[in-house]
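Chain naming follows the written order as A, B, C, D and E, and within any one chain the residues start at number 1.
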């Protein structure tokens, strides 16, 4: 194993080991736990940065872990420019979250397991990032799921937390059924689970389409794409830093990342890309519209994540993986910033509800500044990061409208139109949030003030890339790391997103202006409850999947107990009953015994005679 | 001579003896019926000597002799037992002798 | 005619034991121990004689020229004779608990007479000797069952036993007579030769009936269904040591008679005998096991279980129902399996009855519920009892019983009778249901309402129990000894 | 090294005898003797790894021996030639992990018993019975003679019955009866099946029977016999494993059994069924296996789904875990049913993983029930407030059990699915899909369990109860399982490395 | 039909008729007397079949001893001398089995022997039978002695009145 491969392993190993140590720490070892968590993330960051800056050829090294009847599973590291950059993003966010959490959860009495779980989460994501073997990738993939479960359920004061945690894991797990099957199909076709081997294998188009569609199920689950997006908004029950972690760099990004990892396969399966395009378009609008009507500040951000990830999916659907990754990176930066800043707000006012915020720009100047940068990036205001990446996505979609690329022309149209519409809505809800939280009259009872330094600094640090990362897209070296020559291209159509931005922001401002005390969303009228409940898809899911499954479970249990076990018990009782019958038959006088003997002999004789005669 | 005549006689005797064993309540009468059955066997044995080319001559008659003696011993013992039963129960009605304890008791647990 | 007195030595010893027991009682009136000791010694002598004679070459006597011999002292016969003697010895040991209430002299005399019948039975090679020996084995047992004075259940049991026995004897005799009428022979070898030589005689329905009636009459001794109904009543009415004798030695006699007749005389007519035996075996084990599920008295449960065991014993012969099972090879395998199973069975059964005597005395097996708390009162005896029961169920640690089942199933499958093997197997499950119930009661601690466990402390009883258990353990680990012995 | 083999088997015997012998004089001494003996057996079994022929721990996959059973060490003594019974024991890569698992779990149970004795007769008797069960299980894993295999297979029945009936919960009698009768039903079919094979081939030596595959006994072991014998053996092993719909003894037995009984029962006793299916049924009767594999596969997937669904509606803690065992063993059986080397490997590691994880789960469930005196999920709740470590461990075990990658449970389940897909064809593809869905179901019911027991509000019933912290005995007996679940999850070659060659050879026999 | 056939038919009829009375009569004592008739007729049949010794043993042992024993037993058990109404159990099963066995056996024998004619066997004089017994059948003879002894002792010990010391 080369030295660079060793460094790559460090991405995952450092937080992983820290996590294992942290899990067995006693609850009172709070400082040690925090230190360990930060150290782990720091080491991972250092390694990632080192590898990202070192450049050079892609690394592919590994050894056999185990062999399942000729199907080897290898512990392979496969790091290229993309992986290194994503790893940096993951590490940055993880470090920020670790530092932030120290202050945010200052009064939590179970900090060590929390910090360890965050480290484990980081390690799992890193494993997904660096693994060159699909099975090992799956390990990281699922460990992330369970970490999200643990962390979302961390807050024991929230009654909805356990439910949300279970939901998060289960919904993604359902998608993972497809993911596992897809991996299995690919591995079986290639005779190996190494990504390199899988990519090199020749698969029939049908098989490829099936496999990639199955993978897509898992991706949809992890990346919260329609129809498996329902877990993400509920996951807000977790502590805010966890939301940042999940939304920015780990869980939801993993899905998109894995698609780029296996992108040649997807490119060869246009049907899958078309499905992905439809999913992306639906999710984009769905998420954005749902975000408009939320009152919980974190839920607004959560729905925005759904919508933003759909941009990445859209880019993937039209055949532009580098652009998707570009948006992933910029989204990682600004979404982490948004959540952590929102955490500062929540920390300050003690509630998630925007109805009880307002006018906070004076009391929280730092937070105000940072959140403004974040929202601007989200809405795509030039020159913040989101502007460049989102524009790139729309540009590649516009190019794809002509067809002839990886995807069909209609997919390009669909993604492009949906993207434009979403840009408008995004601008609208970002403006609404900004206005509702920081402007108008204060609605909070207590005097709010800026967060402590440990919380403030990560936010400030994250504001930097949120503001500036977009310019990296202009850099050729950066683009080449992501696998393309240039990420950003301007043409006449680039005006359209800006127009949408202005229109959306203007509409929101106009609505707020009219009645600063009321929520601008009331302008939407009767659509509000529909949006607020995200088109009632939760209820649909509940009625179509959860309830039938539980009903089926009850039926199966009852029939298992009454029919299957009932048969067994009946056999036992039947034997005893037969015994009773036998004994009843023997309840006779002595003559009965003699009669049985004589009668038996007669019968035996008759039988023998028949036997002999029939010979 | 036609051996089928004593054979059929024996068969009917055996059947009557069996009938008696099953129908008679009095133990002594039951014993008498048993004697009829054993006599039927003897009659068959004796007749066989006439119908079959025995490897050892007169085996049937010898067999019959043994059967008679065994039967006598059985009757002696049987009567002794019947008398003992009469002493302890003051009856010789065999259908008052139950084969199973009554009522059949139900063990507590089942499979 | 010259008699081979060496060959007859075991029979002499057995008969001598009877006479000596009687004399001992005359000389030492009122004292039971010496009489029992003399009987025990006689049984030992019989066993030793049987073993010594059996170790030599096969000896025949009472021969009728070319026709065949009535008495053949081969090593199977020696095994049977030794087994009879050993069982008698064990029962004599158990009887120590009974003789205060029973007339020891007559008791031992009758026991020794029965032993004489059994010893001769193993050697007998003609129908007359076989039936006379069988009657000699049986007749003293009616008396032993009814020997207890003022016991209603004893008298009833004796009469029941007697009546069914006499009827069955009549059936067996009828079968034998018809067989003679068809073949003109009573020596086994001559019967087989005659049947083989005359296919037309074999094709006669009368022959089929004769064969079946003979076997039916003999099955009474093993208490096979439907000739079984006497057993629970007789066992329960009899003193427990006598019940032990009935369920072991007497049953052994029936087995030997059936095997002897089937293998030596009916060879050419096995196509009739085989299905009959298969049916008999299947019916017997099923009815016995099902009925045993519903027993509440210990001795009755053991009686029904011994009926079921009779089914297992006869099962290997059921393999003869199929043509594949009727080769000479399969026949000898089946016979060896029957004897092997019987061997394992009698040892375990003696252990079980000895435990009953040790826990409850010689006269009343009592309700099963009465045994609650036995483990505390008499842990070793209880352990031996549980061991025997588990062995009868055919499970480790009762390896003897396990191998017994294995022997049966193996021989059945060698003969191609898989269906009967499955019946045996399923019956083993039913069997375990009641054995385990009894074992659980024995091991259940807790108050014993009537204080019904009256542990017997006489050493011969415990010695008999110990010896039976020891032998069961030893043959459990060395089943090959048994398999070699019965081959 | 054959001495070690014998020692592995005899030390528990000696320990059991010592424990019984000492139980009247000093209960504690008896239990200590049991611990010493089981520790000795564990050490001996681990040491069996060394001084063997063949490859290193992690096989390169290149070298292969011809025979599916190439024991590292063996002892072969005639026992009863009339029954084709030889005392022929040996160990190879397929049995080694199970043997070590058995000795380990027994050791842990004995250690646990050292401090904690359930209500009932003396603890040293319980320890003695555990050791007796260990002998039976080890014998099954070590036996290279079919009849010997059967003898050991039967050995475990009554001791386990006694453990349930004497130390179990309120309905122990009925549960123990059901256990012993149902599983005896299985083993008598095994008896018939074994002798069907023996009668046809004239030998009971597994090495011979599996050696040449179908060719060697082509004349004697006809297709009809193979199918009939396979049905019998498969039924026998299906009862033991247990396979739906022959599983209903398991929930009752687990619910009533004492903690250590449940651990042994789930941890290793069930493995006798799957091991037997792989080694005996499939190995000896490849034709029969091929004929009946689809049926077996369908039932296995049915077990996965039914087990999962019943768990989803289950309200009793130990019953839930028991039904989850049904599901997990379904994966193992599915692996075997695919008749691919991938499936066999999956089954082997699934076996070990299930033993470790479910053993741990039952330990934890027992600890919870001991403290709260209830197993009703609706009355438990808020455990993480009152017993953070216990609930943390329960969470860990549950997560391991639901097949989280990185922990032991994952490999068996995932690769059973892979193996089914590998088998190809519509049936097996559908089975793979349903099995994978069953995996999601496992997540659903385990998270439901956690939501009830650890998360959620503290139940009013348990709130006032004193909850002693974890005892040393508990930690000592759980820690190895916790570590193993992780270690096997991270390095599956711990289990599969040694099994590679024999599985490969077995696969060749089966697929020939 | 020869003379012996006529005799056999006549004696057989007597035997069967008497046996029928034995199992059907309502007088216990009469049953014993009818038994004498039946056994005597069978003994006569033996004579026709040239089994002299057996015939005389039958007369001596059965008619002489057994029947007397049975009548003693009737007296000792205080059976009513006159007709009784409760001597029989419900008789359908007995009829079925008795008729089945008797008629079935008869059918088998008829099937086997038809109307075949055989020569009368040589006379079974005491000398011939004695020879046969003591040349070929010593073993059962000896065993029978044990049997008889056991029966004797057993019958005595069982019938011995109570309070005999033990």
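Criterion: contacts are C-beta pairs under 8 Å (C-beta built on N, C-alpha and C of every residue); 3 or more make two chains touch, one makes a residue touch a chain.
Remember, it's a predicted structure, so these values are computed and weren't measured experimentally.
Participant: Mind listing the chains that sit against subunit C and also against subunit E?
Facilitator: A, B
Participant: Along the shortest chain of touching chains, how many steps lie between subunit A and subunit B?
Facilitator: Graph distance in the chain contact network comes out at 1.
Participant: With contacts defined as at the top, give the pair, A-C or B-E, that has more of them.
Facilitator: By number of C-beta pairs in contact, B-E is the larger.
Participant: By CA centroid distance, what chain is farthest from subunit C?
Facilitator: Computed centres place A farthest from subunit C.
Participant: Please list the single chain whose C-alpha centre lies closest to the global protein C-alpha centre.
Facilitator: So the chain sitting closest to the middle is D.
Participant: So, comparing C-alpha centroids, which chain is the farthest one from subunit E?
Facilitator: Using the mean of the C-alpha atoms as each chain's centre, the farthest one from subunit E is A.
Participant: Please tell me the distance, in whole Å, between the geometric centres of subunit A and subunit E computed from their C-alpha atoms.
Facilitator: 100
Participant: In whole angstrom, what separates the CA-based centres of subunit C and subunit D?
Facilitator: It comes to 42 Å between the two C-alpha centres.
Participant: Return the distance between the CA-based centres of subunit A and subunit D, expressed in whole Å.
Facilitator: Measuring from centre to centre gives 36 Å for this pair.
Participant: Rounded to the nearest whole Å, what is the centre-to-centre distance of subunit B and subunit D, using the mean of the C-alpha atoms as each centre?
Facilitator: The computed centroid separation for subunit B versus subunit D comes out at 61 Å.
Participant: Pull out every residue in subunit C that's touching 2 or more other chains.
Facilitator: 64, 128, 132, 135, 139, 142-143, 146, 150, 156, 159-160, 163, 167, 174, 182, 204-205, 209, 229-230, 232-233, 293-294, 433, 437
Participant: Scan subunit A for residues touching two or more other chains and write them down.
Facilitator: Those would be 572, 575-576, 580, 583, 586, 588-595, 598-599, 601, 605, 609.
Participant: Identify all positions of subunit E at which a residue touches two or more other chains, and write them in rising order.
Facilitator: Each of 89, 93-94, 97, 100-101, 104-105, 108-109, 136-137, 140, 144, 147, 151, 154-155, 158, 162 in subunit E touches at least two other chains.
Participant: If you look only at subunit C, which of its residues touch subunit A in the complex?
Facilitator: Answer in residue numbers: 156, 159-160, 163-164, 167-168, 171, 203-205, 207-209, 211-213, 215-217, 220, 225-230, 232-233, 271-272, 275-276, 279-280, 287, 290-294, 430, 433.
Participant: Subunit E touches which residues of subunit B in the complex?
Facilitator: Within the complex, subunit B touches subunit E at residues 1-29, 31-33, 35-36, 39, 42-43, 46-47, 49-51, 56-59, 61-62, 64-66, 68-77, 79-84, 86-87, 92-93, 95.
Participant: Under the stated contact criterion, what part of subunit D meets subunit A in this complex?
Facilitator: Per the touch definition, subunit D meets subunit A at residues 58-59, 61, 178, 181-182, 244-245, 247-249, 306, 309-314, 340-346, 384-385, 388, 392, 395, 399, 404-406, 410-411, 414-415, 417-419, 421-422, 432-433, 436-437, 439-440, 443-444, 447-448, 451, 455-457, 491-493, 496-497, 500, 503-504, 507.
Participant: Note which residues of subunit A are touching subunit D in the complex, please.
Facilitator: Touching subunit D: residues 27, 64-73, 110, 113, 135, 138-143, 146, 149-150, 153, 156, 159, 161-163, 165-166, 169-170, 173-174, 176-177, 180-181, 184-185, 187-188, 549-550, 552-554, 556-557, 560, 564-565, 568, 572 of subunit A.
Participant: Would you tell me which residues of subunit B are touching subunit A in their complex?
Facilitator: Where subunit B meets subunit A, its residues are 18, 21-23, 25, 94-100, 102-104, 106, 110-111.
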